[in-house]
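Naming follows writing order (A, B, C and D), and every chain is counted from residue 1.
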Amino acid sequence: MSDKNKDEVYNAGRFQKLGIILAVLFYVVSVVMVIRNYGGMSVVFSPDTRVITIAHWQLEDGFREGIDAAIAEYEKAKAEQGVKVKVRQVAIPVRGYPQWYLTQLIGGSPADVLEVTGSSDILNQYFTALSPYIGSPNPWNKGTPLEKMSWRESFADDMLSALDTAYSEFFSVCTFMHTTRLYVNMKLYEEATGTTELPDTLTDWLEACRKLKEYGLAQERPIIPIGVRGFDKGTIGQLFSTYNSQLGTDLSDTGSKYGYGVQQGELFRQINSGELSEDRLLEPVEVVTEIGQYFADGFPAIDLEQTKYLFFAGNVAFFIDGTWNAYSMINNAPFPVRVIQIPVLDKKHRLGAKSFGRITELGSGIQGRFGIPKKTRDFELALDFLQFLTSWKINQLVMVEHCKWMSSLKEVKYEGVMKDFEPVTNTSHTAISSPFTSIGTLSNRLALQRLENSIIHQPEDPKAFFWNDFLNDREQIIDEVREATYGVQRNLWSMDGTRSALAVGVALSESDSSEIGLYLLRANINLEGIVSRYRAVDANIQLMEELGKLKEYGKNGD
Amino acid sequence: MVKPLWVLAVALAGAGVVGAEGSGTGRNTPHEALKAYAAMDYTLAGKLARQIPDTPEGQLVAGLCDLYDRSRQDIGRGQLTLAELFYNEKMPLDYRLEAGVALARTAQLMKERRELYGDAGDRYDHEKIFRKVMAMAPGSSAARNAFLYLIRERLEDPAQQEAAFEELETFLRDFSGDPKLLPPIHLLAEYEYIRLKNDYKTAARHLQEGYEIGFANPSENRSGLFRLAFLYHKKIGDKPLAVKYYKEYLERYPYSGQAAVAQRFLEELGEGGK
Amino acid sequence: MARVVRSRTVEFFKHLFILVVLFFAFVPMYLMINISLKDNMQFSRNPWFPEAPFHWENYLFSWNHLGGTIFNTAFVAITATVLTLVVAIIGAFFFARYKMPGSKFLFGIFIILMMYPSVANMVPMFKLITSLGLYNTHFALIIPAIAGGQAFNIFVLRNFIEDIPQDLFDAIEIDGGNMFYQIWHVVVPLSMPIIGTLGILSIIGQWNNFVSPLLYLRDTNLQTISVALLHLEGEYTKNWGQLMAGYTIASIPLVVLFIFCMKLFIRGLSSGAVKG
Amino acid sequence: MAIEVPFKKLRYYWPAYLLIAVPLLLVLVFNYHPIVNGMWHMFYRWDGDTVEEFVGFQNIVRMWRDSSLLHSFVVVTIFVVANIVKMALPIIVAVVLHHVISDKMGYLYRILFVIPMIIPGMVGILIWKYFYEPNSGILNNLLRIFGFISPTDTIQWLSDERLVIPSLVFMGFPWVGAFGVLIYLAGLQGISEDIYEAADIDGAGPLTVFFKIELPLIMTQVRINLILMIIGTIQSWENIYLFLGVDGGPGGIATVPGLMIFREAFARGLFGYGCAIGFVIFVVTLILTLINNRFVRVRK
């Protein structure tokens, strides 16, 4: 080996040795720190302190601080009641939440108040049914405008969004609300349309978009009249359900056989028998497709960051998005921004003749669903904290003050910029669900994909395009409904298990003790629940039958 | 359906046996077993029941755990234990009733899922057991449950439909037990009259009777009242009763989301003012 | 080193080619550091080129957020890597040195592991970890990492140990050296470059792994850096400046570690090869 | 070569089995327990926990009928073939690096190659999202500057069914897998001096040296990388999920089998069906590896 090489090996040796020493030192330091951390973990609370944990995936700025503030208030309030309580908050990134959530529920000891997600089966199997507890008023609402209301009625939508339709049961309550709004780049809007008066009807909005497109071509600028977050199809779904309700809110009278509320199978039965034309369900597709022509090219592949990037770059006139980061959007956009509601389908529009105008927004935007797993060790405290979190004063503290979001409760006044976000409530027309999007997670995803294709390809008859494509997906949709039916039948078995446990409870307790009353009450609730499961099974079977009988567009019912 | 042995072997090899079986047969283990089962703590209930196999409580709880504890389910053995208990006159009545209802119901459910259970459900004639339970304790909640499970199946079968509807009416009329047990039956009656016979008048009557006794689930009470008004309004066309119940709904639930809808329907019926 | 003498121009083209490839390799790093000095507005306007007001406070925020987790991650990553390689080297030596009855079948067991996608193992594994009492401890990350790393490391190491001339082993065996003596004096020095590379890979794997710490560590003061980084990503609003600053902080220890160890592995090889 | 140990000699050599005992036990407990659990649940409707209903071959029949699964294997094969082509670059870089004369620069390059490996994948995805962004992305801007498309025209690289797969294949092209370079480098450095001197004497040009000496001698490393690449590509789904969402691009065109497992198991809760797809992926990988072993013969 040449001399040059030899000393290099040698002096490299010294440099290497330094490297090894550094690495070992770094390792030793980290071992010491880890041991110290373990020590830190063992901050055991005194035995009589009751500890519960709240877990969620909301990492937006303000949310965690808001929850911490609520926890501080709660611990103080409980201390006054002489109960020592400690509440821990765990925030999990959204990317890892599905796996974390499922594994905690199945394998481990889940948090006591947990943000819920996933299919109805998972909710029904792992979360406590809350319907027995929502009838009475929320104890933490004393001295507030919601004092006389039951816990259920204290919510802006009467807990409609928290109702799990598959099991007709409440497994969670909602904590915040978002509405969908249009953020308008006033500088660009004024340049293109020559006015500062913003459109309130669909016709005016489409007219403004046409002008914006022409302005873009004239100026050779890549102007995008309507910017949407295509990536997770949330906005298209929102537009579709808005116009579906404006066109079809009357279906909840004709389309319901058992009581107020549309049943999907019943609607398809009426289509098969010719009593109802499928057009009534498809008109919203045509409306959204017409709006879609003004979306950016390639919008499905653009996510929220890029859409905001384009908006701030000044090329997007109307940016449609939820109100979760509206506050920061408005304040630091390099041009004046105003907020308007989704324009209403007006009579002048060719499809607007039968439109019922704006419908109440109470049902749509309420989210942040928190439930209590069955495996919780302290159900009574968990329920108490959940009611505290959804009490009038505290919910506003967390949502309105810290996150600048809207509370999910009634009687909440908003001022300043947030006034434009307030949901529409001065109408008696309630939102209804479209059979295309509300059968299950898979059929919803397929429906929104179809809607997206319809916008991209702009077929000359969007209704036929969407309907015939829907028929191709039928097999997968029926498969999903069948899986849901098995879920309900499995559930009948476990509900009979509940019945037997309650029967043993009755046999156990002395004849006239208070326990017997509670067991009989819960036994009745269980049996009433079994009757509603029969309704769910029959509805699913009818839905599968009617789906199978549907024919090509225009050929149904003759 | 026990997990294949070699899967358990692999798991145990790594997992190491977790804590030996808890011993200690205290004086009131039977009572403890029932309490654990009532709280649906299947693992504890099963363990305690296995310690007292010859007592009635041990037999009942062991049988029920075999049926409903999904992680260690052994339906065949469970049904066998419960059948012995049910047909043994010397056993306490409460235990026999519960064993009978659980045995018959699971057999009935297995017959509905033949693609899963094959003909294992045919081993017990659930209708005969349900009838026997109803005869043993006519006014009890066990009889009420047995009847509901039975009548639902008979209504599904077109041949027995007419007879089933009559039996439903007679059962409700001469039920000797506590009337508070009947609302779920009325709820089923309302639903089946609409589904099978489109007879909204009788359905509304049953809903009304059930509502007057009072449903246990508060949300069922609320939606039931609105449904009652809606049926009279849109399906039967009995204006005064519709107005009466819409108004009652607005009094009891003024803040509810559907109050606005009730108000709209009242205006439709020409009774704008509240 | 190959001493094929070439004219200056060919040498120049060689360097040019490598520099072009390196340029592309460093674009992500440049972008990471560049964005880490921006706030969301600057990022939205122009993510590519540096812009006047540099926001150093992003680093301060990220350091406060990530500070403690670096030591947890270092402990887990280094312990897991060292133990994985020790066990894997012994295992690979077995396959490379001896053709025992059943060797082929045993090797098959390891290789099949690499091919099976781990969809179902999340829940059963979770139950196994909790039943072993490892939940919420760093060993819940270390032990499965050792097991998980065996298949891949044994597969790669076996090929390298097979290339080592056998007479080196026979020489030691004649002097009475047992198996472990052979491993320490022949296998380790000669396969140092591949051991170094596998070590680097394993440490990176542990450093960026976010699924198992997310599932198995509940207390925040035990958390590793990858999960802490994820906490900077809101679902709707990402603060890109702080996120990239977090990534930069997270990669500094690795860079320092590599600069030193890299020299160690290359030197190890050349002395060994020349002697052979 | 390795010591042949027939049964008779086992008496003397049995301690060797101790060497493999530790890794074997670890692997059996921590890897095989879940895998066996997975394989066994293939025949069940399983929610990952207590709900286990034996459904026999229903999951397999459903897979057969599921046209999108077949499609996802076609997509993943395209990715595998593309990756095989992309393997050429690391080899070339390793060889060039190997022949760099000055020791100092050569060493510096090695370090510089390792450092980018640390940057988390998220940064790469961010870059490629902005690269393909239709309105103001780099690619479209370049095309506009060179006049291939008009200033206001846009090409939707990621939302046009025809362009999604080619874009994903091209993605990461200039990036060289540092791991591959290092493995080949380690192999090249194993070639002893005298082979090169012999080639010099014969007056072999650089190409002949490469094809005659260097490539054959690093075939072991090429084979390792090929197997690892195939396994990695067939099972990878994280990038597609982060890049195109759970739908896998427009009309689900870029859905790979791994993404389907995530969708069916975690999004819809059908764990049994997810295990069935997992088993099919395993079978396909096994077949491809066996083919690879037979055709890529290593001439020692």
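Brief remarks follow.
Going forward, contacts are C-beta pairs under 8 Å (C-beta built on N, C-alpha and C of every residue); 3 or more make two chains touch, one makes a residue touch a chain.
Just so it is clear, the model here is predicted, and its values are computed rather than measured.
With centres defined by CA atoms alone, the chain at the far end from chain D is B.
When the C-beta pairs in contact are tallied for A-C and for A-D, the bigger tally goes to A-C.
Our note on geometry: chain A versus chain C, Cα centroid distance of 39 Å, whole angstroms.
Chain A and chain D, compared by their mean Cα positions, are separated by 36 Å. Per-chain Cα centroids separate chain C from chain D by 16 Å.
Averaged C-alpha coordinates give centres for chain B and chain D that are 54 Å from one another. For chain A, residues touching at least two other chains, in rising order: 99, 102, 106-107, 309, 313. The set of chain C residues touching two or more other chains comprises 122-123, 128, 259, 263, 270. Multi-chain contact residues of chain B (touching two or more other chains) are listed as 11, 14-15, 70.
On chain A, the positions that touch chain C within their shared complex are 1, 5, 9, 12-13, 15-16, 18-20, 22-23, 26-27, 29-31, 33-34, 37-38, 40-41, 57-61, 90-96, 99-100, 102-103, 106-108, 304-305, 308-309, 312-313, 322, 324-325, 328, 332. Those residues of chain A whose C-beta lies close enough to touch chain D in the complex are 8, 98-99, 102, 106-107, 118-119, 121-122, 125, 216-217, 220-222, 224, 230-232, 296-303, 306, 309-310, 313, 315, 441-442, 445, 449, 452-453, 456, 479-480, 483, 486, 490. By the touch criterion given at the top, residues 41, 44-45, 68, 70-72, 74-75, 78, 122-123, 126-127, 130, 135-136, 138, 210-211, 214-215, 218-222, 227, 230-240, 253, 256-257, 259-261, 263-264, 267, 270-271, 274 of chain C touch chain A in their complex. Against chain A, the residues of chain D that register as touching in their complex are 45, 47-49, 51, 53, 62, 103, 129-130, 132-136, 151-152, 154, 156-160, 244-247, 249-252, 266-270.
Within the complex formed with chain B, the residues of chain A that make contact are 131-132, 134-136, 148-150, 152-153, 157-158, 160, 170, 253, 257-260, 360, 362-363, 410, 427-428, 430, 489, 492-494, 496-508, 519-525, 527-531, 534-535, 538.
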